[in-house]
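All chains are identified by letter, namely A, B, C and D, in their written order; residue positions are counted from 1 within each chain.
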Amino acid sequence: MDFAFDERTERLRAELTDFLTEHVYPAEPVYARQVEEATDPWAAPPVLDELKAEARRRGLWNLFLPDERFGAGLGNLAYAPLAELTGRSPALAPEALNCSAPDTGNMELLAAFGSPEQQQRWLEPLLAGEIRSAFCMTEPEVASSDAANIATRIDRDGDHYVINGRKWFSSGAMSPRCAVFIVMGKTDPTAERHRQQSMVLVPRDTPGVHIRRGLTVFGYTDGPHGGHAEIEFRDVRVPVSNVVGGEGEGFAIAQARLGPGRIHHCMRLVGMAERALELMCRRVTERVAFGRPLAEQGVIGEWIAESRVRIEQARLLVLKTAWLMDTVGNRGAHTEIQAIKIATPATAEWVIDKAIQAHGGAGVSQDFPLAVLWAQARMLRIADGPDEVHRMSLARRELKRHRS
Amino acid sequence: MDFAFDERTERLRAELTDFLTEHVYPAEPVYARQVEEATDPWAAPPVLDELKAEARRRGLWNLFLPDERFGAGLGNLAYAPLAELTGRSPALAPEALNCSAPDTGNMELLAAFGSPEQQQRWLEPLLAGEIRSAFCMTEPEVASSDAANIATRIDRDGDHYVINGRKWFSSGAMSPRCAVFIVMGKTDPTAERHRQQSMVLVPRDTPGVHIRRGLTVFGYTDGPHGGHAEIEFRDVRVPVSNVVGGEGEGFAIAQARLGPGRIHHCMRLVGMAERALELMCRRVTERVAFGRPLAEQGVIGEWIAESRVRIEQARLLVLKTAWLMDTVGNRGAHTEIQAIKIATPATAEWVIDKAIQAHGGAGVSQDFPLAVLWAQARMLRIADGPDEVHRMSLARRELKRHRS
Amino acid sequence: MDFAFDERTERLRAELTDFLTEHVYPAEPVYARQVEEATDPWAAPPVLDELKAEARRRGLWNLFLPDERFGAGLGNLAYAPLAELTGRSPALAPEALNCSAPDTGNMELLAAFGSPEQQQRWLEPLLAGEIRSAFCMTEPEVASSDAANIATRIDRDGDHYVINGRKWFSSGAMSPRCAVFIVMGKTDPTAERHRQQSMVLVPRDTPGVHIRRGLTVFGYTDGPHGGHAEIEFRDVRVPVSNVVGGEGEGFAIAQARLGPGRIHHCMRLVGMAERALELMCRRVTERVAFGRPLAEQGVIGEWIAESRVRIEQARLLVLKTAWLMDTVGNRGAHTEIQAIKIATPATAEWVIDKAIQAHGGAGVSQDFPLAVLWAQARMLRIADGPDEVHRMSLARRELKRHRS
Amino acid sequence: MDFAFDERTERLRAELTDFLTEHVYPAEPVYARQVEEATDPWAAPPVLDELKAEARRRGLWNLFLPDERFGAGLGNLAYAPLAELTGRSPALAPEALNCSAPDTGNMELLAAFGSPEQQQRWLEPLLAGEIRSAFCMTEPEVASSDAANIATRIDRDGDHYVINGRKWFSSGAMSPRCAVFIVMGKTDPTAERHRQQSMVLVPRDTPGVHIRRGLTVFGYTDGPHGGHAEIEFRDVRVPVSNVVGGEGEGFAIAQARLGPGRIHHCMRLVGMAERALELMCRRVTERVAFGRPLAEQGVIGEWIAESRVRIEQARLLVLKTAWLMDTVGNRGAHTEIQAIKIATPATAEWVIDKAIQAHGGAGVSQDFPLAVLWAQARMLRIADGPDEVHRMSLARRELKRHRS
């Protein structure tokens, strides 16, 4: 057992920290101004392209992708502390490094299950950061944490599939740069429960694709990231070659996609919590009320200590999970992946909430990143399966252990 | 001791419930659509004027004002259950009844401390719902929960005051209908700690008043309510007759204003929590996952029961506080006013959070009022003094009791 | 709506407060010493008899019993603030006033359902404080919150019942003064679900009654109160006239008994929490660390304020529930009875826990009543049905409201 | 970074697990019976000596002591998972392995700072498990978390020290086997703040040592472990050679002693939580209410999942802290030691509380180890410095980081 990062990781952490300090943090106010002045609410501000160019120049690009043919070839444990650092500026850093959801998951999926043609057409421009993509899974009408509920139909008609259904919270899909959707639907509702679903690639400009609106998350449109779209698919036709993996593979691929996706979110959440703690520490040192800095008053010290204690625990569990995924595979790390999916959003939410409170009115406003960080952390108690579904599943596994 | 509402209250509750059912709830989607389509992001949607007209027709108008010369003449205890009902639709009902913050507090202030000229010029149109008003207290640069920190200067210059300073979270001030600001500043920084401050009336169109921007609250601009403005006062001149009450009275008036203001917020919060609980109960009955309604699964029942238990307790404490204010005065109810200021935002936040979770992605979106309700409840753990300041103050009083 | 106590209540509260101050609090150390020196671990210390005599002399006797033929004739609302006061010294005051569980519930039961012979033989000496009684309901082998689980058999054999079964947590039954048990068992397992059970009176010295041992509650035997017994009933024969109410009435009587029993516990819990808060306030004022009294440090003020806020809410809910029971009956107050059963143990536990922490090592020891208060509060999250069962039941009722 | 245990650790874990399964768990009911039947409430039951002999035979002895001259020579990281296992049966396993507090800390102290004579006279029989020892630090009259508060005097008188003072919570000191006390007191109250204190060895039978009574911890005397004594030292004379380390070294030695002491407690707490979780899982699988096992009902699954998530995080933080202590020393691991002192008692308390609730009445009784486990976990939020002191200290260090 050894808790030290290896040399390469230490070097990459230092390089990434430099990039954040020299380019990303200074770009935050620029980004905010460009967002405010933007004419298209769904477009990424130009500063992002500058950051992407700089990150690529520094070799900080596609770090998330363990497949050396396409990405940096880092394992989960090597990537985790880097992803954490990007979480410190989640609006800018992940996308600057071409490591932002949902593209990361979609790129992994195409790298693992895509045909050579699919890889050439979609994976390559994604890896180059030229286009973006969306993942169309959740539906408004049903509890989508139960895959059997999916109502979207993908019907074979000769050499084509015809897609009908309604999806929402398709993040990124409002963006003009978003060129392709991976759509989950049922190709065979009569098949065995987990063989009914398939995934097909649908170019955004295919006739019948109607992007209805952007959903808000606690008042945020997340416009510069392409928002969260509600999309109607009405008799949308794509060639059968657009299926990913094969008919009936949808559920299995979705499961494979979720493991890394979840851990990436969790890694970043640790960084978000660290950023909030740092902001809190600075604020309470500077602000004075009733004659003394807030730092010396009442419950503030408790918040800071508790934040540190909770963050350390969450980070270690994320790192151990990453190590397990590297050593025994995603399936062997199932319990731990669920554990971090439960633990880290709650930890980050708690820390950020305290940081907000320590900032007073400023904390809920656009002047600090805290309110938007909070909304993202809160959303992650719902996205990719609500806490309650993960807890029930984890509990069943725990009970099984004690039965035998 | 008697926990039954009196007859008049029961009648008013029934009348208000009818108004909500027949007019307000049906207006909610209309309001949402009008907001979306509005060209001025700070204007109130037209449906609000229709609701105001109808409420006035039904005699449901200015219920908050205990002064019979101006308002309905209800005491706090009589008004509390009505204010609670308005909290069920907080974007529409309070303003429809001309009972929305910050105008209510400003009207009370003018009714109690305004000169006849001030009352004629500002109170009358406010009572008629023709104009709105803002209260400029909080400042961005200092911890405003400590009144001694206030940096805005109000300097006498002959027959005028000259105002210099910067305020923010001046709710309503972005609205074109907002005609007047009540501005708190220091007229005499050398006076005794609580005699340094004064309040002056400043018409919104006075030269030197620069409305800089609207602050967001977790991504919400609260535009249709006039937002939360940051305002710069640069050499703003108003006649000395615009002082409210008298020089040095600012702190005392602010304290007098806060009591009822706080309890109104708390009353509405109880209604907000009830609305969230109702939405949660409906959702979990209708949604099915893994073959059963959510209502029958896992922790959902705990949330519902806990919500009911917490709401009942919060409501009773609010009602008792209202009764105390009516019987022994705001000062005698000091502890209880602080207690509800601490308890009800936390209770409402808790209940709404659970309702959001039960709704999944829909809960954080614009399709349900839950996310915006949450943001308001969360904000009230900061507005009018953060929880921590109230807790410290309440604790000091409790400790004093046990010392003697 | 009126939150003031009426005159009689104010007078009784003053009289009871005098009794506590003059007799009960001074008796606490005497009691502790007598318990320590006792030879019989299950006997009540002699000081208790002195307190009982004094209480009776002052007319503070059987206050719990609303039936004027037998007791003080106070309704629930009138009794509630008195029961709260007894909770301030729960080891002494309730029994001193002949108002301690489980005798109160048993006396109510006999007053309401007992035959004249049963009342003469058992109720009269109980009312006189000459004997004590136990209620044998819970069983070790089954989840007793589900009455259908009860395994004890009460079989008719001519003019007698023959009882076989095992009960535990029969509080008071270890005491030599405990003369009679009310035993719940099944007389007809084939009857409809809630008509299978009956209650019979079993004198403690009946052959076949084997008192096996006393159960501990977090290390406390509660010996001076007669402990919590495990009892085996092996072919115990009692005349059929010992049935209470009638065959098949057991479940209905148990339900009738639980309402007041629960509210009495809750009333006392409010007093327990008040006592703990008082002790905490005194301790933190007197103790100095790092140069300042604890009262001025860190989180202590938060605890005190939060305690006050929570206690006030719990008390109001208990009082409202008492009022409801008086005005619409126990059945009409069902939701509120469950709500206080859920809320007050948790509130008291929270407050006492903080008081313990503020006392350091002294808090967990025998030098302060805090640890034993805590154990009692914690036990009440389990006794008379665990929180979770009450929450599920309350949730079902809430869901029903929103369905229609 | 590597989360796998090394081979030696895996082997020792297997050996220790075998010992627990074959000897310790089966001895638990024997121990309970022997405690109940004991005539001396402060004596260890005979089964303990059998376990000690067996553990020694298996080489599972003094595992805690990293100094190879005296103990097993394991570092903190190697010992941590073993200590965790002993926490599964904390009444038996630690003492069976001669690894129980406070002897472990005292042995470390003597190994590091004792003179050869002190080591021969006291350390050797302690290492052999022939005698026990106590650590007399905490005082009843002052907040002992502030070392400057210590009131016990150790005055030089020729070749002797004369000790006067009162200590309490001297764990183990009631035991007839406890042969020696390490007493902390002030030799020079005029010296610099942290040089005033010294430690001296006081044989238990020295004239002037008055053992006044055993303190209880939530009703538990912890008698078989020698209880928690209140001791008066009245003109107690010991030779000056009994000082440990040297005059003025008391504070520094106490600090050195606390690091490992705290982590040992935390390691065991993880094991205690695991035991509770295991008991909970078994209970809810077996118990049926309302027709279904508890495991399938309501909130139970949440408790189990949350327990697993929290335990995993706490364990990792304990292990990382152990690793830090081994690699950068106790001082370098200061923040982490405080973090686990804050986190693990709270985690264990939470898990055990839920396990108790899942057991109903049985959970608070002597029939399961849960209530006593709970009392120990709760006590550790106070012992060795209350949570609040650690949080304030940790917060100060965190704030410093962000200032520079």
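Basically, a contact is a pair of C-beta atoms (placed from the backbone, for glycine too) under 8 Å apart; a residue touches a chain by one contact, two chains touch by 3 or more.
Molecules present, by chain and UniProt name: A, B, C, D = Acyl-CoA dehydrogenase.
Just so it is clear, the model here is predicted, and its values are computed rather than measured.
Where the sister copies chain A (Acyl-CoA dehydrogenase) and chain B (Acyl-CoA dehydrogenase) meet, the same residue numbers recur on both sides for over half of the interface positions. When the C-beta pairs in contact are tallied for A-D and for A-C, the bigger tally goes to A-D. Averaging Cα atoms per chain gives one point for each, and the point farthest from that of chain C (Acyl-CoA dehydrogenase) is the centre of A. Chain centres here are Cα averages; for chain A (Acyl-CoA dehydrogenase) and chain B (Acyl-CoA dehydrogenase) they lie 37 Å apart. Separating the CA-averaged centres of chain A (Acyl-CoA dehydrogenase) and chain D (Acyl-CoA dehydrogenase) is a span of 43 Å. Between chain A (Acyl-CoA dehydrogenase) and chain C (Acyl-CoA dehydrogenase), the centres computed from C-alpha atoms are 53 Å apart. In chain D (Acyl-CoA dehydrogenase), the residues touching two or more other chains are 298-302, 388, 391-392. Residues of chain D (Acyl-CoA dehydrogenase) touching chain A (Acyl-CoA dehydrogenase) in their complex: 1-6, 9, 77, 277-278, 281-282, 284-285, 295, 300-302, 304-306, 308-309, 312-314, 316-317, 319-320, 323-324, 327, 335-336, 338-339, 342-343, 388, 390-392, 394-396, 398-399, 401-403. Of all the residues in chain D (Acyl-CoA dehydrogenase), the ones that touch chain C (Acyl-CoA dehydrogenase) in their complex are 138, 140, 142-146, 149, 168-169, 215-221, 287-290, 294, 297-300, 356-357, 360-367, 371-372, 374-375, 378-379, 381-383, 386-389, 391-392.
Within the complex, the chain B (Acyl-CoA dehydrogenase) residues that touch chain D (Acyl-CoA dehydrogenase) are 298-299, 301-302.
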